[in-house]
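Take this structure first; my questions come after.
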Amino acid sequence: TGRRSLSRSISQSSTDSYSSVYSDSSEDESSPREKQQKTSKGLSDFCIKNIKQAEFGRREIEIAEQEMPALMVLRKRAEGEKPLAGAKVVGCTHITAQTAVLIETLSILGAQCRWAACNIYSTQNAVAAALAEGGISVFAWKGESEDDFWWCIDRCVNLLRTFKWRDMTHWIYKKYPSLFKRMKGIVEESVTGVHRLYQLSRAGKLCAPAMNVNDSVTKQKFDNLYCCRESILDGLKRTTDIMFGGKQVVVCGYGEVGKGCCAALKALGAIVYITEVDPICALQACMDGFRLVKLGEIIRQADMVITCTGNRNVVGKEHLDRMKNGCIVCNMGHSNTEIDVASLRAPELAWEHVRPLVDHVIWPDGKRIILLAEGRLLNLSCSTVPTFVLSITATTQALALIELFSAPEGRYKQDVYLLPKKMDEYVASLHLPTFDAHLTELTDEQAKYLGLNKHGPFKPSYYR
Amino acid sequence: TGRRSLSRSISQSSTDSYSSVYSDSSEDESSPREKQQKTSKGLSDFCIKNIKQAEFGRREIEIAEQEMPALMVLRKRAEGEKPLAGAKVVGCTHITAQTAVLIETLSILGAQCRWAACNIYSTQNAVAAALAEGGISVFAWKGESEDDFWWCIDRCVNLLRTFKWRDMTHWIYKKYPSLFKRMKGIVEESVTGVHRLYQLSRAGKLCAPAMNVNDSVTKQKFDNLYCCRESILDGLKRTTDIMFGGKQVVVCGYGEVGKGCCAALKALGAIVYITEVDPICALQACMDGFRLVKLGEIIRQADMVITCTGNRNVVGKEHLDRMKNGCIVCNMGHSNTEIDVASLRAPELAWEHVRPLVDHVIWPDGKRIILLAEGRLLNLSCSTVPTFVLSITATTQALALIELFSAPEGRYKQDVYLLPKKMDEYVASLHLPTFDAHLTELTDEQAKYLGLNKHGPFKPSYYR
Amino acid sequence: TGRRSLSRSISQSSTDSYSSVYSDSSEDESSPREKQQKTSKGLSDFCIKNIKQAEFGRREIEIAEQEMPALMVLRKRAEGEKPLAGAKVVGCTHITAQTAVLIETLSILGAQCRWAACNIYSTQNAVAAALAEGGISVFAWKGESEDDFWWCIDRCVNLLRTFKWRDMTHWIYKKYPSLFKRMKGIVEESVTGVHRLYQLSRAGKLCAPAMNVNDSVTKQKFDNLYCCRESILDGLKRTTDIMFGGKQVVVCGYGEVGKGCCAALKALGAIVYITEVDPICALQACMDGFRLVKLGEIIRQADMVITCTGNRNVVGKEHLDRMKNGCIVCNMGHSNTEIDVASLRAPELAWEHVRPLVDHVIWPDGKRIILLAEGRLLNLSCSTVPTFVLSITATTQALALIELFSAPEGRYKQDVYLLPKKMDEYVASLHLPTFDAHLTELTDEQAKYLGLNKHGPFKPSYYR
Amino acid sequence: TGRRSLSRSISQSSTDSYSSVYSDSSEDESSPREKQQKTSKGLSDFCIKNIKQAEFGRREIEIAEQEMPALMVLRKRAEGEKPLAGAKVVGCTHITAQTAVLIETLSILGAQCRWAACNIYSTQNAVAAALAEGGISVFAWKGESEDDFWWCIDRCVNLLRTFKWRDMTHWIYKKYPSLFKRMKGIVEESVTGVHRLYQLSRAGKLCAPAMNVNDSVTKQKFDNLYCCRESILDGLKRTTDIMFGGKQVVVCGYGEVGKGCCAALKALGAIVYITEVDPICALQACMDGFRLVKLGEIIRQADMVITCTGNRNVVGKEHLDRMKNGCIVCNMGHSNTEIDVASLRAPELAWEHVRPLVDHVIWPDGKRIILLAEGRLLNLSCSTVPTFVLSITATTQALALIELFSAPEGRYKQDVYLLPKKMDEYVASLHLPTFDAHLTELTDEQAKYLGLNKHGPFKPSYYR
């Protein structure tokens, strides 16, 4: 218990928000699956931690709504006709205030929604409660077991037309093949989910049109770059209180995620080195003023190592062994495989849990490295992600659902589609008022000169 | 109590570290003045919240030591001779892990230390416990009353030679005039404290030499600029989770604090406007690429207003009335006078406490402004300040104490002195190894050419 | 003549390099078409200004070679086999030191080259002389008439297989249809040329495979962005000696060109406003920290207006009329249509030619605006463009030629192709050694995990 | 002659502006001292190259006037009373369009001016002609011999009250001791000149009050930092057309000059390393995100080395020997001593003059380094310096002259003075309208709170 107390005390100085996210010791330990709960209106088709938290969750959702202006515009435009009237949507995403705004928007647009979590840790219980109280059939709580996870998805799926996201598609494909064939469409945002859809499509097993939202311009150019630029400093500060000025940082990978991280770190005075496998990104790193190195060459002098590759074992034991005392290691890439955390579970290494999501791994000679979030995603684990950026992706998803649901028979076949460029541009335009930004309109003469429609699309369809 | 629960729940999403700093509800409510406590060695000449927290506090101090390399070097150099042997030092500062490293360094250098807090809120109780357990006579706890505050200072002051800082000097001057006369020296870091010392000096009432650390190069050029650059984003993110990209920010004041804030905000994509009264700083703002405006001209379009002036009522009711819905208002300047918070206590305005240190003030028409830390210092209240930067100032203070204590009779008179430039340079050089930085040494020929001693000082004494 | 002398004298202070580029008064006035010239080896199949300038031109080419490392590597690799042996290549490009390095590389790779200029002003006569002396059949000089221009192209085209670039393709298509049918392939870099190729292709009139180099990653991501970032400041300084700090600049268009210009201008302390028609680029501008405005809203306070749109009449008479005295107007976009220069030829406006490529246009009330390069491309007209960046595009072109020439029968049909991603990556990798950059290689395990070949391509084919 | 022709030809591509500055071959070779010249009004008390160039020079002066708003304001304010009426001012400065605006301002304020050049190369002949034509007794031309230099100064000095600048003070002190005693005041801007004044003062030999303008805030904070930030890129581009992205640059010295250079280079994508002797500047470099190294450690990988130290032999033969092929070496510091150019005149090294102000120095193994301006100041030699920044210093000088001339008897003794802070602030405020910048004014309440006069000075006198 000394250990635990220690971490609580220390966390007071800066990060116990995270301890609370994960421990939440004040709540009861019983499984939601065993509880009978009802909303104030007597509804019970949901399964969450505690319906009494609904009021708190509602507040969080209201705050998020202020930063998601485009969805609010969609709601307003739907006052007359409901573009999703009659649609049955099942979803599987993180359950946070931001996705709650999306889900409730779909509901206001006319859809009947059933929802599960895509991650066993990330559900905000109060938000789930507010959704349930609002009439959404949500099946999710923080700290689900693997078995709970699939149980929730299964409970979601019973009558539906359109649905979205990775694990759920997989589940239906495996377990409810006849249902799979009746679906009207799929909207998928995750890298892995999109990958599976293309596999299904190539194998001729895709039974409904699917929209690949992951590769839309608004996702690629905004979500990755700006989200990481906004959250990398925050995640590091909240966990380690580190000073950035003059620190030597190695960023592994110079894709959009890496570019976002590097821009922020350099701007605050860090000295950034890049590792890359792709010559195009490598040359961009050089032109942008970063030294391109192999990790082994620079590892001894690094104060921080940040992975952004989408690859695995980018930081291996051989690198961890050579890091200097106090080096911080963390991951901004797509999963917890980038750092070889397993190799740190060796018997000769001691682990000290110093703060929530912060571990010291101690070598026999006393050298410590500071591992954040056990190698999982730093920004999702240890910082907030700007709601406004999430709004861009959420709006894209909503529009993709509307498009699939309302498209005339035959426009979409059993294939994977990218969002029409015009829709990307519409999503972008809905977010401009936040900045009091004034778009210029082409004159007729200019549109003719450029060979474009005055109202877009302005980009070629292959633009990305 | 609905209100209170609400704020606790919401805070889980990002900032309840701060609620705990201020509420600390798990601890007992009894006054430390009424308790009898003893260290493990039986000492009892201290007054703190709870000696049992010493172990936790020790850990925080150890973490801070890693970022305060110069003080550790001083400790090592003092292994042979103790430059402060025989010195009796009383101090009055924030009681944090960082100041604990300073206090314990003074102790290791030979001083006998007694210490009180300079702020009724800022004491880290666990750190105070660790100091007491380590043998320092410390009188401080978080949440002192005004009466407690002076009582602690009074308990500190009984037998002393050298001492430091603002309120304590004042107390001694007023209450222990004969003691005041016997002091060997005063080291003062705060703006206000220095101001009073100059007043005493001009009035011929200063009885001991005083060292003005506030105006040393290392304080001015590092503490203000870099500290604020590092902490402004952190403070805003932890309290509001705001996205910086594209936000319109007004920074009032372009001194070192303002420069630090603006550099960080601009680097992360905010659009920054400056207000200034001083034409020199104003011209710097222009050359640095900021629009110089009067607050009234720009207030309607501001997403954030940050005060950094050291002045009062810079943001007045007339500005607050005209801010747009959702505007964030906070202070990075020297005290809680810069924003006219009092004017917001008007009966027609509602306050809603949404998160620790975050209040919504609501106008009759529903407009909300978001006030942080009730107008007190944002970075001290809502973020951490980089230990390394504090280390620079702390080392300067330690050297100033050594200089005053060990200077030969007559070197210093009853006046206020600036630290010799050479000592500033020594402090800086002690901090270079952290960056693995390699200083170039002048050749004899070059030193002669420049008319300088090879080992400095390199700056003229008037450099600042 | 007072006028002319004036401009010569003033130009001494900073820009008469440009006057010399365009006036070159020391040279004789006779037309190259009427002259009989021979190289030192007795060759005469060329038409240029003056073969005696060959030595000087050679020196410029040698300097350029140092910054075009990838082409030098291709030359070295061709020492054994000649990938273009037997190829007959006709080209139509700017004739500068940089393109000379490309042309001579093709020659060393085995091609027999004939070349004409794509612009009547841009030929460096000395470089053309060096090419001719080196055995290339070049037909180009600075200051060609329209008739000369087509005459040169016609002289180029007699026996050929592969060829490249815009006007020449057009000429052959129109004038030598049977030749057009015998071509082995076309490599095209210009926007306009690519546009025409797609038109031909859609009309079923394209008789040979064509490679669209303009839309390759290396062109889009490097040429436009970095070229403009490097040259915008240079072009403005050389013509106007303007200070950037604190200047209010409007950049019309936030595509790659605009992004490059804005990055440089902001970095040097200018306050930049953007106008855009495309919501996606507009949102990027906002997130990057620029105010998005309509030109009319901001025009009165602008110190500079820079067009980067590819559109026409973006800066119209109504804007020019409202600019303040001393406002600088210039174009970094694709042609001289962006600023309505014609409207400035109005009788009530006076023109004063103050320096080469710098005109003051004076309103009746005395207001002057400063027009650069008469609205033509600022960086091509008034600054140098970094050779290294040109090297990337030139290498891409050389590889495209090799691919088309050596591809097995049937790989390419009568269509327009994008360069295979792998070749883009190869071009990039050839440029990394300049930066002493070290690429990381995937392990077998990682390649398998990512589903990639260890040696690329790393990007999906649709990446751009 | 092949050599010479070569350099002319090459220079056409980008820099023959400089050849013309230094060769000026069109002009006659006779010495101005032997010529008899008269202005159009018959005046002949001057000695310059060619009075016929006056019209061209006038135009350059008019252009400069537009960027020197503060001096124009002083002229306007002097329409009523002439604060320098009766003053006899002799000056010794660079003779450029910018100093011409200063000189003519002094004249308009009532002074009778006589002027000489402080540098044998830097005079703009046409500007000198315009000054002479305007009635100023100017003695200066480009390409003076050492003997000419002192002759010009001597011709300047015959009857005078107030005067300014380095060599001239020295000359009068040595040659006209009785005149020295009658002087009313001295205004000095150069580092060296100020140094000598303090020496004279300490030796008790200073006979008139002297104003040290070099150490005024407006000089230190603006002239050095912003001037270098604006001109470093320009100087490098005009001479070498180098691309900045990804280049490794060593900047020796991180004072204001070095800070300006580093800010610009880093902003354009260069990777910058710093060398420093002073720990305070060294620590700033670290915090600002630069690696602090010794020159010998990094020299092999440098693409450029730039000296900004004010010291001598900072780049020695041992460094030059180890540079890589193509390394660029240049100086932004105070004189031509920083690079050991003399060591490059060794017999085993060949020099090749490739462009005006650009030499290749070639080692026996073929390695070339590129030396700019033979180690003299890069920005004065090879780029323009922003007039607006010079305006700040020029205005300070004008105000210093007025102050010394009009101060009541006794205010200034035979000592060296710094400009009153209030005057610094006045200079700054005169430059704000250029940026359409709006200064905030203190309320009475605020001024009282701060203990300041509402109208300044706002800075303590020791602020710098």
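Order as written gives the chain letters A, B, C and D; numbering starts at 1 within each chain.
Simple rule for what comes next: a contact is a pair of C-beta atoms (placed from the backbone, for glycine too) under 8 Å apart; a residue touches a chain by one contact, two chains touch by 3 or more.
No experiment lies behind these values; they were computed from the predicted model shown.
S.K.: Name the chain whose C-alpha centroid is farthest from the C-alpha centroid of subunit B.
M.R.: For subunit B, the chain whose C-alpha mean is farthest off is C.
S.K.: Could you quickly compare C-D and A-D and let me know which has more C-beta contacts?
M.R.: If we tally the C-beta pairs in contact for C-D and A-D, the bigger total goes to C-D.
S.K.: What whole-Å value do you get for the distance between subunit A and subunit C if each is reduced to the mean of its CA atoms?
M.R.: Averaging C-alpha atoms per chain gives centres 41 Å apart.
S.K.: Go ahead and note the Å separation of the Cα centroids belonging to subunit C and subunit D.
M.R.: 37
S.K.: Once you find the CA centre of subunit A and the CA centre of subunit D, what distance in Å lies between them?
M.R.: About 55 Å, centre to centre.
S.K.: Out of subunit A, which residues touch more than one other chain, so two or more?
M.R.: 226, 245-246, 269, 286-287, 291, 434-435
S.K.: Across the complex, what residues on subunit A touch subunit C?
M.R.: Residues of subunit A touching subunit C: 217-218, 221-222, 226, 275-280, 282-287, 291-295, 297, 310-314, 337, 392, 424-426, 428-429, 431-432, 434-435, 437-443, 445-446, 449-450, 456, 458-459, 462-464.
S.K.: Show me the residue ranges of subunit B that touch subunit A in the complex, using the header's touch definition.
M.R.: Residue positions touching the partner: 2, 5-6, 9-17, 20-21, 24, 53, 55-57, 59-60, 63, 66-67, 97, 124, 126, 226, 229-230, 233-234, 237-238, 241-246, 248, 264, 267-269, 301, 326, 354, 383-384, 386-389, 434-436.
S.K.: Quick one: in the complex, what on subunit B touches subunit C?
M.R.: Per the stated touch rule, the residues are 245-246, 266, 269-271, 286-291.
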